[in-house]
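Okay, got some structures for you below.
Okay, so chain A shows up in both of these, paired with chain B first and chain C after.
Let's look at the complex of A and B:
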């Protein structure tokens, strides 16, 4: 089968529509993952074992099971419990929860890396918990986390094709419907692959820059 | 309750496929990881380029896209694969690329004095790698290999989309037949988690076995 450039030009606008949804889902999912991760990290630090242990188990459970099955769970099971979500919302929640458990580990390592003396100094200055976090701990903990957080952003971006399984019309889904309709697989699937490869190669360069700028965590 | 037993059996049949896929994919990934990881440290530039191209390509594109490419596009070039072959190939090559970086990192982290000792013993490069470097590096790789194997298990759910009847696929079958959603999906979530726990338990056991007698020598 030959590569057909005319067909490529013809399908490009549809693929670009899909790419927009892919990027939208990645950005929204990542914002949710950043928030969920921080919440998990803080709850797991709680001194009350009745709170921190179950949270730890839930996070381990989410991290140990496939994102695809979690997406099915959110998309098919929740409506039976009376909560109907649009495919895109279900997808964003799935991505956010799954990657939230990964970013939680990054936050945990970053917070643990802040020296003990900083906590004691905050106490000595009579800062309350909120002030300690926002003015002493987080400003020191966040910059070294940036490369690792960016790494998960790229990893999540590469997982967005899974959303096609719950009927989100993102890039992969558009490519598959074009392929099934025209019965030509080679161009749409290869273009999707090329799209991801180009974005990842660019982001690798960006990541190296972030690592030089903010230093590695570990 | 009686009807669920039959559906549970359907899901367990899928679990066997998932486990088979994970084992075969991990075996391929292990081979690729050592080939590409050691290849990246080769003296010969073309070997390094080839290994780097492999690693960047498979880490850069999504597993989902690779699987579809293997299943739908490769036949157009004359390689027809069964869903199981396409699944093992895509999973093994994808995770192998991630694990190759682990191999490379572990080999590079072995101290210079070990290489000097190899020279002192008049080992050639291959002998040094085989008898001195790899046995030490392998222990360092193990924990990350365990994580990689769990990632492979999780990624294997994607093969249900190319009509391979793994655990996720069977859960969809049960959903279609019964209309019940909570039972099949909760069951497979628990089963996936159980398999992941077995993997990390096995890796920890292997690690203990390999580091026996090394306490105090290495921190």
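Let's look at the complex of A and C:
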């Protein structure tokens, strides 16, 4: 088997289309994960056990089952229950929910690290719950969590090939169909690996920068 | 001097409070007259800080009743029936009360000026311009107008505590609670904070409750001193009575210990 540059050039446009979907799914999935995680973290802090306990159970359940199974459930089982989603939407929801349960733990640790005196000062200043969260707690809790949150961004990016299992035409899926059609695996699969490696390496450099920038606050 | 024959601004009737098995406050009752300056002294764990925290609604009570400015703090009337206070009621009650903490608890991500203006702008809808103006007056009063744009991390402990006092005053409370506000300070920084308290004591008619180990200052500052031990008031009287002629054995023992530790009385 020899490396065929002409074949590479021929398949590159298709792979780039796939890469765009991979990046899109990562970004949208991550935005969802960031929001879902914050919501889980705040609800789990609720003093009302009727709210915090079920949320804790749901989060543990999602984290305790494989992403691939969840993707299948969202894409192939939900239509039986009357909810049909496009592959990309199903994939983004799957990634967002699954990684939301991980980012929730990052948020939880960050929020717990804000001194108790800050909550008390907010109360003594007569701030309501919304003002306390947005003006006092989150502005202090978020910066130190940024490196850990970015870490999950990279982890999630590398899991996007799972979306090919629910027919999302992301990079891996495109590469596989090219390979199956041409009976040549070496170029498409190598290019997929190279693409993930390059983006991951760039992300790691970015992550180191974030760690220096936000890693600790005085 | 506190005027006599006026309704108390704070009335505490038979409150109890436990943390687990530890009874912090034991059937405690006392009242405070408007404009009165009250010093709460006693050994640690005697419940004096807990009183302030309960008045600021940072801790609840197990039983008993507290009236602030005529209204029940932890209960409210709805359809003629008393019910546990909801957030709106607590919000309304907290408007009357300000608190300064032992560890300052400034908002570290906001500059000095924003620490002072945050609450008036958010809770009272004061405009940025008016809030800034009032905050600068308060910072001037505590001697920190030139630090308005500094971050809390750039200030000394004494400066932080003076900002914290300005922050509490910005909401114009009727009652100010000072919880060991000099205990975390280096000795040379204590005086600048006490000077501010002294100024407030003379120049405002706020009711002030001061938990402190600075016995000399408590003596000069207070109209009345309460000596706490094990969740009860052991002695209640004028500063001269308590500090010069304590009647109770436990008060005498406590003051002796404090003097031995080098505090002036």
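Convention: the second predicted complex is superposed on the first by the 215 of 218 C-alpha atoms of A that agree within 3 Å, B and C clash if a C-alpha of one lies under 4 Å from a C-alpha of the other, contacts with A are read in each partner's own complex, and residues count from 1 in each chain.
The rule is simple: a residue touches a chain if its C-beta (ideal position, glycine included) is under 8 Å from a C-beta of that chain, and two chains touch if they have at least 3 such contacts.
Everything numeric in this text was worked out from a predicted model, so none of it was measured.
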Chain B versus chain C as contact partner of A:159, first or second or both or neither: first
Touched partner set for A:197, first chain B, second chain C, both or neither: first
Chain B versus chain C as contact partner of A:6, first or second or both or neither: neither
Winner by number of chain A residues touched, once chain B and chain C are compared: B
Contacts of A:72 with chain B and chain C, given as first, second, both or neither: first
First (chain B), second (chain C), both or neither touched by A:185: first
Common interface residues of chain A - those touching chain B in one complex and chain C in the other: none
Residues of chain C touching chain A in the complex: 56-58, 87, 91, 94-95, 97-99, 101, 103-109, 118-119, 122-123, 153, 167-168, 171
Chain A contact footprint on chain B (complex, rising order): 56-57, 59-66, 68-69, 72-73, 76, 150, 153-158, 160-161, 168, 171-172, 175, 181-182, 185-186, 188-189, 192-193, 196-197
List of chain A residues in touch with chain B within their complex: 1, 61, 64-70, 72-73, 76-77, 80, 158-162, 165, 172, 176, 179, 185-186, 189-190, 192-193, 196-197, 200-201, 204
Sites on chain A touched by chain C in the complex: 115, 117-118, 120-121, 123-129, 131, 135-136, 139-140, 217-218
